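For reference, the structures are reproduced in the following blocks.
Here chain A shows up in two complexes: once beside chain B, once beside chain C.
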Partner chain A sequence: MRPHPAEPLAVCVTGAFTLLVVGSLSILCLLTFLVLSSAWPRDLELIEIQGKTTCIERLGSDAHGQWVRKSGQGDAWLLPANALDNARPTRGYSAMLLQDGRWFCSPNLELRESDGGYSSPSSRELVESTAAFHQDLLRLHSNARTGDTAAIAESRRLHALGKLLRIRIGNDSSRLEIPIQEIQSLRPDHPSFPEKIAILVQTLALQFRSSPSSFASLTGTVLATLLATLLASPLAIAAAIWLSEFSRPGKVAWLFRQSVQLLAGIPPVVFGAFGLVVLIRGAAPALDAPLATPSLLWASLTLTFLALPTVTRQAHIALRQVPSHLREASLCSGATRLQTLRHVVLPGARRGLWAAILMGSVQALAETAPLLLTGAVQLAGHPLLDGSAPWVHLGGGFEHLGTRIYHGIEQFPPGPLGTGAGSLACLVLAASAIALRTWAAALRHPRNGP
Partner chain B sequence: MTESPQPTARHPYPVDDPLIELEGFGLSLGGRQILSNISFSVPKGSITALIGPSGSGKTALLRSFNRMNEWTDPVRMDGSLKFEGKDIHSSGTDLLGLRSRVGMVFRTPNAFSMSVLENVAYALRVQGKRHPEDGAEKILRRTGLWNLLKDRLSDRGDRLPSGLQQRLCVARALAASPALLLLDEPCSILDPVNTAELEDLLLSLGGEPTVVIVTHNPQQAARISQYTAFLSQGRLVEVGPTERVFQRPQRRETDDYISGRFG
Partner chain C sequence: MMERGKGDRIASASFFLLGLPATLAIPAIVISLFSLAHPSGLSLALSLVIPSLVIAGIALAFSAPLGIGAALFTSEFLHFRQRRPVTLLLEGLGALPPVCAAWIATLILAPWWDAISLPLFVFFILTPAVFSMASLATPLIPVHLVDRLFGPKLALLCSVLLGGCLLACIPFFRGASVLPPIHSSFGAGIAISLFLAPKVAARVLFHLTRIPDHLREASLTCGATRWETARRVVVPRAILPIGFTLLELMAWASGETMVVLVLCGSPAQAPWGGATLASALVLGLPESIPSSIAQGGLLWSALALLILSVLAQIPTALREPRP
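So, the complex of A and B:
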């Protein structure tokens, strides 16, 4: 007997499934690798500055950095904005040069204020200003050797300048000068394996607080997702209840279902455009700044629109899964439709409805494109949560893990800190989305009944 | 044995005190004619069985008694269907009132996902009766379930084994003291032991309330009912006292069905 020829469909399905599993696993591995490799203490230095451990990165991962190294001026290191105080970020980046075992600081570069937040100077600017500073130093050195007294004085002045780390702190821009001797390197020259692991853990922890602060982006993400879910869920569940329990099969219900499907099919960035053009610009004349500009409030509203169709659809499915003979049994007991809904349908669909809400929050959590248009910025410069009323600040730009990935990997000075923080954000975002989805699935398909 | 409806089929047995009276009753669901020209009466205090092959319209007829057909499909009706002397399809019918006078038990045991006691008290609670728990206890005692369930009153009703759960559903349907109890193939997923227990329960009610039961099992009809109506393809073929229908069927179709030659 000839063996059965392989069923083409089965081959395709198995292939696609394997590809999916292998693909998702390798993406996770890649992300983990990115985080670990960036955190591995090769391009990072742990230093102690004013009694606080912080992590600086080598400006050497790109073409400019290569040039700095090749020109023999030593390594350039970047001091992160929260090196001294998490709550009061330094408004400036300082590149530090390690030359012949001595630290030098480049002149401070200010953060530029941009719509609602701050953007950092590019790595090119940092490196070029640092290089220019040191070329000045070198030129003055050689001039000083010829006995030029003016050059000697200037060289001494610049040396003194290079021996002081100058940064501005907080919104009041108070200036701080730290003598360079006070900065101590904590990394052993030749770390053993356990030491490497310890440094790895420490740098990972530091990266999470590095600038732009991951904590701020975490708060921004949680707040935006929470707000969108809170706004979308009651509306969507009400719509699903109407669709499943009260609408008569007919044109209206059909139109409603179709529009939900349509909404679900619109690319998220279009929602972003809608948020910016219709919501923000439409409401701006009636509101005061900072609510009249792209902000957490508008981003959450845009995400609400995005989550609405998902929650509606999932909630509708959950309600339809309550067997119709249960509704009949309730109606036959003389219950009204509302009583049936309250006592029989909603309790029966409870887990499915929670799953629908979770799926909506995954939808709100996992979108970045609409946020770029409606309020997420690279550096928000002000906390979303603090002790003063109303505690949650909805106005003004905010930081988000999704945009942090974008800025961290794409725009932030290329280097281990930016990439590391970006890929860490990737991991946090992916892990929380997967966790929420798994939770939703567990709610929908319980192993031993509800 | 002719094929045209005999005049005697309209009122084949004298009914002094009818609970339900059907007169030329016809029903179409979603544009499809399900029942046509059905005339008979259900005497108060009796157990009446509706038998017939699948698709004969017996469930649709049963669901006409509490107007549950319109829950699922657009309904059109002709003739009249009187419950307690009032045409329940007239425009002024109080649907909630009707349904609180008619209890129903379904094919599959479908206790709500609440406690045993809450299940039984459900009808009393939604109808706004006082002390629904006391009424529930009374009905559990009456249906003989009290001894079985008194230690499990707070267990979830939908987690009881199916035989017990179906009897719980009967108790739930009886809780608000309805005038009529409808059962739609209540034993279709029960084993013979559970079926016998459910039949005992129905017999123990003693005509309070009146019972109409749809069954696909003619033997069950013979065991528990006083009257039997045989339906086929939406028509009422024969109706009468069960003993007569089973022992001296007047139509060959009936004879064929109850002796197992078709259906």
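So, the complex of A and C:
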């Protein structure tokens, strides 16, 4: 039913609801749009070189324009996409040049010098290749200006054959014609929508792989969350079962319940301080070297403390929601409390208990502040998972999606791929947390429930 | 209570021992932090309490009206078939990681800050301020006279103008921009409210749905509209738990770290920035030497957050039946 139109505050309530829901969803949509727009493929020119098609992948964009990765001939290297856009024969102001087994492309005819303005290794590759191309062009240009008759004759012959492209160098608008003998054809490639989706997925995967720490941060996030959930869930559910099924109503149970309640309201950074000062600086030195420093082990233990009260509280609520007449019927039938718990209470509270575990894992997943104090670093330098026993390495610093995002913001404005990769990490983390929390809520509020 | 068997006793003891870490965590944290804290950090912690509470207050000022309004709309006016998906949505949105909120604020809100600050200013600050000033100003002769002579619409306009003039006298509202920049305590409060508002909504919704339906039905049967029922029956019944929930969330938000760290926690964000208890902890604690006075001093910041959250939860704890 709609609120009464005469009530002005009813309009405010409706406005608040709309603003909250639409605003939150819009922000998430904007984030998604940001990620997708940086990776959405545009129509490209497919370049055929001696019958082989080069692989061109969209990477993202920055102030210098769109960036693509070209591979297929030797090592893959980066180009600004407008270099390829200008490689259309109709424009005729760009060229691909094969030299010493490597292909070079004029990057939009604005040849950049290596002035130290590029920080990422990919950009350095571009600058190096561009500088080499620039040198070749300058050499050819000077030869043509000095009246090299052989060069002029060859130029005229190729021009007549239609195998010549004109090139403009820098901003001085001087033109130069050079033979492009190795290019077989330049033909337009307009991928269909499904192909664009495939390219998009490929590009997103590439964006995530663009930094060596992406996979490591994803692994670190999953492992830390999983370890914390696995450690916290049995303890918390045991506590909830004792509270709900075995404790006698009295001061002990009340204190137990209030303690859990208080713990759930403490800001996560306090757990981080506890983890650093008590666990890492207090207990860790007793262990061997890799575990004696801030590491995944201590971070997971800290997250366990963080998740414990939430899981306990929610599990207790789930167990109390099982109707007491079911317990009484079971006990009257001669079952012990343990049998009643196993055959009546736990099956009845299954959904709620899963919801409690999910909520605990969401809390462990979403919090970054405790991890900054207990072992999450920007670059770990060693893999958490590898093929040698014990396969999972809990010692030493580890990377996390949250800290990756945080360090990405610190370095804002990011490098050529920073915005896209950071937004993707943010989207992955936010979507995982929101999806898990919504799943937990769906388990807590069944469709046919109250 | 039914007599317990030996197996039950063993099970009870096992569950108690297994669940003991959940109970002992609070005393363990409190005792360890108190024993390691050094009194030299007390003054720093006390000086940071106010900035922390200010940011939490700003966040709550934005998220409380949104959250309570959304919860009230969902529980009282939304069709019952739409309530479940909306509830799931609100609970899900509340799980937005704080570091993602910081990224969104930096990347999405910051470029549009100037554009969105004016609507924010009008919607959240100017309108309530002007309405309150108008209600205060009603007994004053000019507005009252205008109301008598020209009717309520012109009187409202006069109130808005009067309120605007009064607001313009406050130095905070004068300057090139109507609101402080995003890299400030204010911006941090807005960013925190991105995930605090759905949390408020979900918690308030929980309290509203616990109110018995027969009270609503009785009110509707007496001829009240749905809104009158919400205002006179539902809200007064839930006002206390909602207030306590807001108190708890404010204490929790005062310990929010990532958003503050990104938007205003670092010294480089001066003059609008402000270090908080949480940002001081995260920036200072890893750098401090173990067992040093610096570490002990910084632990007072953690203790201050702990005490704040415990104090905020006392009213809720007192409402629960005691043995």
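Keep this in mind: the second predicted complex is superposed on the first by the 256 of 450 C-alpha atoms of A that agree within 3 Å, B and C clash if a C-alpha of one lies under 4 Å from a C-alpha of the other, contacts with A are read in each partner's own complex, and residues count from 1 in each chain.
The criterion applied here is as follows: a contact is a pair of C-beta atoms (placed from the backbone, for glycine too) under 8 Å apart; a residue touches a chain by one contact, two chains touch by 3 or more.
Quantities reported herein were computed from a predicted structural model and do not represent experimental measurements.
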| item | value |
| --- | --- |
| A:Thr336 touches, of chain B and chain C: first, second, both or neither? | both |
| First, second, both or neither for A:Leu326, with chain B first and chain C second | first |
| Touching partner for A:Val344 - first (chain B), second (chain C), both, neither | first |
| More chain A residues in contact [chain B versus chain C] | C |
| Touched partner set for A:Gly352, first chain B, second chain C, both or neither | neither |
| Touched partner set for A:Gly275, first chain B, second chain C, both or neither | neither |
| Touching partner for A:Lys251 - first (chain B), second (chain C), both, neither | second |
| Touching partner for A:Gly220 - first (chain B), second (chain C), both, neither | neither |
| Chain C-contacting residues of chain A that also contact chain B | 331, 336 |
| Complex contacts: residues of chain A adjacent to chain C | 1-4, 7, 9-10, 12-17, 19-21, 24, 27, 30-31, 34, 234-236, 238-243, 245-251, 253-263, 265-274, 276-278, 281-282, 305, 308-309, 312, 331, 336-338, 341, 362, 365-369, 372-373, 402, 405-406, 408-410, 412, 419, 422-423, 426, 429-430, 433-438, 440-442, 445, 447 |
| Chain A-facing residues of chain C, complex | 1-2, 4-5, 7-8, 11-12, 14-16, 18-23, 25-29, 32-33, 36, 65-70, 72-74, 77, 79, 84, 86-100, 102-104, 106-108, 194, 197-198, 201, 225-228, 231, 248, 251-252, 254-258, 261-262, 278, 281-282, 285-286, 290-291, 295, 298-299, 301-302, 305-306, 309-310, 312-313, 316-317, 320, 322-323 |
| Residue numbers on chain B that touch chain A, as the complex places them | 66, 68, 71-72, 96-97, 99-100, 102-104, 106-108, 110, 112-114, 122-123, 126-127, 159, 169, 172-173, 175-176, 182 |
| Touching residues (chain side chain A, partner chain B) in the complex | 323-336, 339, 343-344, 347-348, 449-450 |
